[in-house]
Every structure is written in structure tokens, then in C-alpha cells.
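Below are structures written as C-alpha cells.
Across the two complexes that follow, chain A remains constant while its partner is chain B and subsequently chain C.
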Partner chain A sequence: MWGKIKNWLEIRIGLDGLMKTHLTEYRVPKNINILYTLGFVALVFFSIQVITGFFLLVYYIPYSEMAFKSVQDIMGTVPYGWLFRQMHVVGSSLMVVVVLFHAIAVFFMGGYKKPRELTWIVGTFMLLITITFCLSGYLLPWSQLSYWATTIATTLPTAFPYAGEIVAKLMKGSEQVSGITLNRFFALHVMLLPLIISVLVGLHIFLVRRIGISSPPFGKSPEAEKPWTEYRHVSHPDGYSFFPDFVLKETIMVMVFCAVMFFFITFLPTLLLPEEANIPADPFKTPAHIKPEWYFLAPYQMLKIIPNKFLGISLQMIIVLLFILWPFLDTAEENNLLKRPRLRWLFFVSLILWMVFTIWGKYS
Partner chain B sequence: MRYILPLLLILILPPASQADWKEQFEKEFLARPWAGPQVPQDVCIECHSSDMMKPEARDIPRKWETSWHYQNGISCHNCHGGDPKDAENAMSPQRGFVGTPKYAQVPEFCGKCHVGILKNFLESGHGKALKSSGKGPNCVTCHSAHDNRKASINIINEQLCTKCHPYERVKVMKQALFVTENKMNEIDKSLKELKTEGVFTEEEEKNFFSTQAQFRTLFHTEDVSLVRRQTDEFVNKLDQVKVKIQKTFEELRFRRDFSAFLMMLFVGMAIGFWVLSKNPKE
Partner chain C sequence: MKRRRFLNLLLTILGLTAVGSFVYPLVRFLAPAGGKAEAKQITLKKSEIPVGTAKEIPLNNTPAIIINRPDKGFVALSRVCTHLGCLVEYDKIRNRLICPCHGALFDLEGNVVSGPPPKPLPKFPIKVESESILIG
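Take a look at the complex of A and B:
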């Protein structure tokens, strides 16, 4: 039966050739490491979000009067609804973690350098879209936690005059977070953002395959042999096969991250859904200890401590812009971060500062 | 540097033309609870905490902060009326200020919210004594005024009751209450536990609260035989809540076990694939 299907496809689309070109005979660098699997893990986690999101969508009611109740029904009444919601909640945070790790790994290994500037830029936009996904999805349960965390997050841009106010109003659709905001965030979360990220994922994968996978900067790189004056595909004829060797490594990482996801669901089920997540949104009652989501804690804390708020928000925007345009700012030929003391210093100090601000934001 | 300077200009120039953003941001972000500890905007507390108050009146905010009312968001103006946002008119009768009630009027003062209890209290021996002679106990005699605690069976104790009368009759009442009160304490504890486990307990809480309130209202009649007659009915109602809570706990255990199983499954698969990657030919 399988043989017949294969033959049917072979005649029509040349399946064998396709498999050889893109899987078995496609080679990845011999010195490739486990960090190179993070892109695939992010893709799998995005798929998990799509699948669990679909099941939640079947029962969710995007109306401020009903949203909270429908989410509680998913958690309590719908068979295995709790599992899908927990996977969606924990999976979203893990997806941010994986995408961040992926960006950090690419930065560390100089994967953003010529000819991969475009791949980097598309990737950074995907990171921003992922965070926008989380922000828009966070409001949907319409709980005290989601309502007030969104209020903080939508207030942050107002530190930037004129444009900030417009952005905040565009997000909220009213003076305060309201049912209109819920509808906007819902439409964004289930329609526009999935469309944008699907296009970006497609473009990202196309660029990776079209240019070729970059080699880790530790050792001899085939790319350094010739200057980039015209397009050429970077191949690794002496490398490992993509399938099964590299796919196996990717699968191991996916399994590890899935195990981490279920670890959180089993042992820390209330980490991302604390008590405030079980209280319906009340615009007239501000909880005493409300914080934005963990990935907004660093900018939130920065904004709190920098005396000049405009400087604070401008600084954050500059950091984001520098991050996106970094391949054009760093034009040095050396890929190995360990051989570049100043960049190494910048890399580690930025990472440590981000972590410090996040922890500080959490406990301040 | 040639990139950073234009970037800075793009970001700095437009804001310079906008004057009121700073005030707006301070109002919306910095003056809110998430920006740090906030100064309470309550003039009652401000005045009563200041040195111009007599020591006994100055102690009220501190006592109130330890109270069950405080924990449930009941503030000065909810009982005493007035306007806590306006210092000049805070104690204006036009803003509903009623001040401190006279001793005999305390039940009506508290009864504005605790309606059922007021009715039963006024029909009880305590209430009748208060109304006839003005010397019987009122609400604060047992519950205290500003530092009131969550009502419990422990309020009925020898030290407090023997200030006015012998403890023998009270003991009989306490015994009649004991089983139901114990059950209520257990349910209360379980509901708190469920909440910390992330379970939405609104329905169970409502059922429990209503049963508990009815039972405690009944107690204020001081009619032991009435309490005994109705105990079975209350115990039945509480048992129904308890069964629901137990089912929720069982469901939580199942969820934990199921997701632990999935976790182990993925750990196992990760190990399996890792072994396979070490022996690719197999």
C-alpha cells in the first residue's frame, strides 16, 4: 500500500529526488552543535500553540461578559480542557524562551553576518511577533491578572510622547482596557498574527535553505574562503546528513523541551496561573501586587528606575532597533565572539543586565 | 556612530514638540500600584494617623489594618459614611457622615450590612437587654470594633462570657455549634487550598458562604433548641459542598499524575532518541 502511494507520488512530484535534495543528501556542517536545533524546537512549539489554540478556540467566547466563564469552563468542564490550556499557557512562555535562546545562540555564533543579514532581521521580527502573540493572548482569559497586566503593558508605550499615546489608544480602542480591547486582541491573536508569523516562518526557512546553514565559528569555515561578491549557496559536502542525523538531534531537543513543559504543568501548575488568574477582571479594583508578564519585567523595571521616563522608553526603542539592525552595525569579519573582547563584553553585560532587570522587576 | 546619531534624532525630536505627555504618563503609570508602594488616598486614615489626634483615636488605623473588614476591603466610610477623598467635607452629613453610633445603636450601625444577624440579635436575650436597659451587650462587646476578627466559635469563651453571666448556658450552645463549626472550618481550609492550586471555586464558595451566614445568623438567636433542630439541615448542605470539593481534589490528583506520565514519556523518548543517535545504523 505504502509502496503504491510512494510510486504514485514519485510519478507526479518526483518524491525520491525531493527527499534526497532536502533531507538525506542535504548536509549540515560537521561541527554543528545542539544550539542549532533551537530554530526547529521553536517551530514545533509554534505548532503546539496552533493545535492547542484551536481546541481552546472551540470553547472560548471572545466577549468580555463571557470570556472568563468560558475559560473556567475549559479548565473545569471540558474533557482535558485543562491540559490544552496549560500546554498553551506554559508552551507560550517556553516558546518565548526558545526563540530568545535561538537569537542569543545565533548572535553568539555570528550567524547574523553577511550574507545572513536578512535571515537575522526576519528572525528578530519573529521574536517581536512572538511577544505580541503572548501580550494579545494574555488578556483573553479576562481575569484580574490578565486585565491588569495588560493595563500595565499598554501603559508602557505612553512614556513615549505623541506616538506612544497613539499606539496605546490603537491597542486599547478606549481610554481603559475594555471589551473593545478584548475584541482587538482576540482578532490580532487568532487571525492577523498567525498570518504574519506564518509568512515570516516561511521566509525564514526559505532564507536558511537558500543561503545554506552557517557553520559554527569555532574551526575552519568554508564561507571564509571566498569573499561574498555574488550569490552562492553554502553547502557542506563533508558534513552530516540532515536526515536522519540532524533531525534526530532536533527531535531529542524537542522531547527535552516537551518534558520541561510537562514538568511545569505537573509541579508548578500555578506558576503562570496564580490566584489572580482565577478572579474575573474588575476594572474598579486594582490588585496590590500586579506585575506585567515575565518577558516585560526588564523594560518595566527600566522604566520605573530611570528618572526621565522619555529617556527610559527611548533607550528601550533604541535597544530594539540596534538589535534588529545589528548585522549592519557589526561589519567586522571575525565571526568568533570569543576572539572579540569588546563584543564579548557587550554580549555578556547585556545578558546579565537583562536578567538583573527581570529579577529586580519581579521582586521590586 | 553614524547610525546611532540619526536614530537618536529620530527618537528625540518628535517628543520635544509634545508637552503634556509627561504628566499623562505620571498619572497613568507612576501614580498606580504597580509603580511601587502608594500613599493611601484616604483622608480618614491620614488625619487619624497624625499627631493632632488623641492617642486612642490615633490607634484606630493600626487596629483596622489587622481586621477582617480590612482584609475584605471594608474601609472607614463604608461604616461611618463621609467622603474619604475630600478632606474638607470628609465629615459632612451631606456626604453621608454618621460618625460614631451611641452604645445602644451599634446593632443598627452594623446591621446596615449584617441584616439577618441584626434581626435575630434584636429578638435574642442580648438584644432585648440592650434595648430595654441600654446595658446589654452590643456587637462590639464580642466582636470588638476596629480590630474585628473573622467570626469563629472561639469568640464564645469563658473569659469573655463570664464578664456578664455564668458560662453554663453558653457551654451548651457552644456544644450545639461545635460539629457544624468544625465542618465549616474544614471546608474553609479546603477552599483556600483549592484556590492556591489554581481552581476557580466561585460556586462552592457562594454555597458555603450562604450556608455559613445562615448558620451564624441562627446562632445570634441564642436559642439552643433551634440550633440543634436545624443542625442536620446545615450539615447536609455542608456535606454537599464537601463532596464537590473532594471531587475537585481527586480531579487535581488525576491531572498531576497524567501530566507527570506525559513528562516521563517525553523524558523516555528523549533518552531513546539519544541512544539511537549514538548508534545511527541500528
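Take a look at the complex of A and C:
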């Protein structure tokens, strides 16, 4: 039966050739390591978000009077509704972790350097879209936590005179966060953002395939050492096959992250859903000691200690801009971080600062 | 004018017209519905707010607070923190208004004492009569 299907497809799309070109004879560098699997893990977690998001949509009601109750019903009444919601909630945080780790790994390996600047830029936009996904999805349960987190996020643009007020009102659709905001964020979360990220994922994979996977900077192949004066595809002829060798590594990493996800769901179910997540939104009461999600704790703490709102938000925007445009700022040919003491210093200091601000934000 | 140049020009004009004709309705579509809510006044009994206490009220859809200060009498302030829009709470012991989000402190005149807010809390006009207070 399988042979007949295979033959049917072979005649129509040349399946064997396709498998050889893109899987079995597609080579990855011989010295590739486990950090190179994170892009695939991110793709798998995005798929988990799409599937669990679809299941939640079956019961979720995007109307401010009903949203909170519908989410509570998903958690308490719908059989295994809690499981799909927890997978969606924990999965979203893990997706941020994976995309962040991926970006850090690419930075560490110097994978953003010529000719892969575009791949890096598309990747950074994917990270920003992932965070926008989290932010827009955060409002949908219409809880105290979601309401006030969104109030803060939609007030951020007002740091910029004139245009900021207009942007904030366009985001909210009203003076305060309201049912209109919920509808906007819902439309953004389930329609526009999936469309944008799908295009970016396609473009990212296209660029990786078109140029060829970058080699780790430790023990590079002569092919990767040649100067980039014109377009060429790095084929790694002496490398491992993508399938099954590299796919096996990727699958192991996916299983690691899936194990982490189910560990959190089983043993720490309230970690990402604290008490305020189970109280319906009250526009006349901000909960005491409200904190953002872990990935916003560092920016939150920065905003807290910088005494000027415009300065605080501008500084964060500059950091994001530097991150996006980094390949054009670091044009040195050496991509081994271990041979670049100043960049190594910058890399570790930035990481430590981010961790310090995150912990400080959590306990301040 | 050459035919190719004319066609390029025509394409640019048509393209800009099409984009403009789409963007303008889109911005209008996404912009909040016009028309401000009619300003309403609220009357409270003085006895509802003893000295040293406060009462939270919605005033024209804006969360507001009326405080009966021991030394200076009544004051009506917006509760919306001028930093990032969270609602301040009255702390009777510290005699301050505190924002739970980024820890800003305001005095009972609405002035920023510490923290990142760029400006004071807006004040609402109040009229104190013998038995009641008129706010707004």
C-alpha cells in the first residue's frame, strides 16, 4: 500500500529526488552541536501553540462579559480543557525560552555574520512577534492579571508625545482597556500574528537553506572560511546527513523541552497562573504587587528604576534596535567569541545584567 | 513624454490613490469612536468620608478618589497613575497615594514624591457645601 502511494507521488512530484535533495543528501556541518537544534524546537513549539490554540478557540468566547467565564469553564468543566490551556500557557513561555536560547546560541556561534545578516534580522523579528503573541494572548482570559498587564503595555507608547497617544488609542480602541481592546487583541492573536510569523518562518527557513547552515566557529571547514565576495551555497560535503542523523538530534531536544513542559504542568501548575489570573478583570482595582511575566521582568525593573518614562522606554527601544542591527555593528571577520575578549565581555555582561534585572524585578 | 514614462507615472498615481484610499478608512476604522462622554457631576455626603479616609469613585468613566485630609480638607484626584496607567491606592499610614505597578508615590495634592511618573495626578474640581461635596 505504502509502496503504491510512494510510486503515485514519485510520478507526480519526484518524491525520491525531493527526499534526497532536502533530507538524506542535504548535509549539515560535521562539527555541528546540539545548540543548532533550537530553531527546530521553536518550530515544534509554535505548532503546539497553533494546535492547542485551536482547541481553546472551540470553547473560548471573545467577549468581555463572557471571556473570563469561558476560560474558567475550559479549566474546570470541559474534559481535559485544563490540559490544553496549560499546554498553551506553559508552551508560550517555553517558546520564548527556546527562541531566546536560539538567538543567544546564534550570537555565541557568530552565526549572524556575513552572509547571514538577513537570517539574523528575520529571526529577531520572529522573537519580537513571539513576544507580541504572548502579550496579545495575555489579555484574552480577561483576568485581573491580564487586564492590568495590558493597561501597562498599551500605555507604554504614551511616553512619546503626540504620536504615542494616537498609537495607544489605536491599540486600545477606547480611553481605557475595554471590551473593544479585547476584540482587537483577539483578532491580532488568532489572525494577523499567525499570518506574519508564518511568512517570517518561511523566509527564515528559505534563507537558512539558500545559504546553507552556518558552521560552529570551532574547527571550521575550509568551505566556510572562503571570503564572501559573491553568492554561494555552503553544502558541507563532508558533513552529516540532515535526515536521519541531524533530525534525530533535533527530536531528542524536542523531547527534552516537552518533558520540561509536562513537568511544569504536572508539578508546578500555578507557576504561570497565579491568584490574580483567577480573578475577573476589575477596571477600578489594580491588584497589589502585580508583576509581569518572567520575560518582561527585566524591562519592568528598568522602568521602575529609571525616573523618566520617556528615557526608560527609549532606552529599551534602543537596546532592541541594537540587537536587531547587530550584524551591521559587528563587522569583524572573526566569529569565534573565545578569540574576541571585548565581545565576550559584552556578551556575558549583557546576559548577567538581564538576569540580575529579572531577579530584581521579581523580588523588588 | 515617452509612453513608458507616462505609464510609470500613471501607475505611481494610481498606486498612491489606491493606498491612500485604503489607509484613510483603515485608520478611521481602527480609531476609537468619536464623541466625548458627557461630563457628569457626583454628589457625596460629607459623612461618607470621615477625616483621614478616602472614597474611590468612578467619575465620567475615570477612576477617581476623594480624600478627606486631616489638615487641608477634601481633594478629588484621578487614580490613574501618570506613569503607565495603573490605579493608585490611598495609604492612610504613610499619608500617600501608592501605585502598585512601579511603586510610584504621590502626596495628597497629587504631586509626584518618588518613582517614575512624569507628572502629577490630575485634580478634579470640588465644591464643598454644608452637608455634601460636589465633584466634577
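Note that in this section the second predicted complex is superposed on the first by the 355 of 364 C-alpha atoms of A that agree within 3 Å, B and C clash if a C-alpha of one lies under 4 Å from a C-alpha of the other, contacts with A are read in each partner's own complex, and residues count from 1 in each chain.
To be clear about the criterion, contacts are C-beta pairs under 8 Å (C-beta built on N, C-alpha and C of every residue); 3 or more make two chains touch, one makes a residue touch a chain.
It should be emphasised that the depicted structure is a prediction, and the values quoted were computed from it without experimental measurement.
In this superposed model built on chain A, chain B and chain C take up the same space, so to speak, and clash. In the superposition on chain A, A:Gly53 contacts neither chain B nor chain C.
Set against each other, chain B and chain C differ in how many residues of chain A they touch, and the higher count belongs to B.
In the superposed model, A:Pro244 makes contact with chain B only, not with chain C.
In the superposed model, A:Ala259 lies in contact with chain B only, and not with chain C. With both structures placed on the common chain, the touch criterion links A:Gly123 to neither chain B nor chain C.
In the overlay built on the shared chain, the residue A:Gln86 is in contact with chain B alone; chain C does not reach it.
In the superposition on chain A, A:Ile290 contacts both chain B and chain C.
By the touch criterion stated above, A:Pro327 is placed in contact with neither chain B nor chain C. Shared-chain residue A:Pro307: touches chain C; no touch with chain B. Of the two partner chains placed by the overlay, only chain C lies in contact with A:Gly173; chain B stays clear of it. Annotation: chain A residues 148, 152, 155-156, 285-290, 300, 303-304, 309-310, 364 touch chain B in one complex and chain C in the other. The part of chain A that touches chain C in the complex is made up of residues 148, 151-152, 154-156, 169-170, 172-176, 180, 184, 283-290, 300, 303-304, 306-310, 312, 364.
Of all residues in chain B, those touching chain A in their complex are 3-4, 7-8, 11-12, 14-15, 17-18, 21-22, 24-26, 28-30, 32-36, 73, 195-201, 255-256, 258-260, 262-263, 266-267, 269-270, 273-274, 276-277, 280.
Chain contact summary for the complex, chain A toward chain B: residues 72, 75-76, 82-83, 86, 148, 152, 155-156, 158-165, 244-245, 248-249, 251-252, 255-256, 258-259, 262-263, 265-266, 269-270, 273-275, 277-278, 285-292, 300, 303-304, 309-310, 314, 317-318, 321-322, 325, 328-329, 364.
Residues 27, 30-33, 56, 58, 61, 63, 83-87, 89, 99-103, 115-118 of chain C are the ones touching chain A in the complex.
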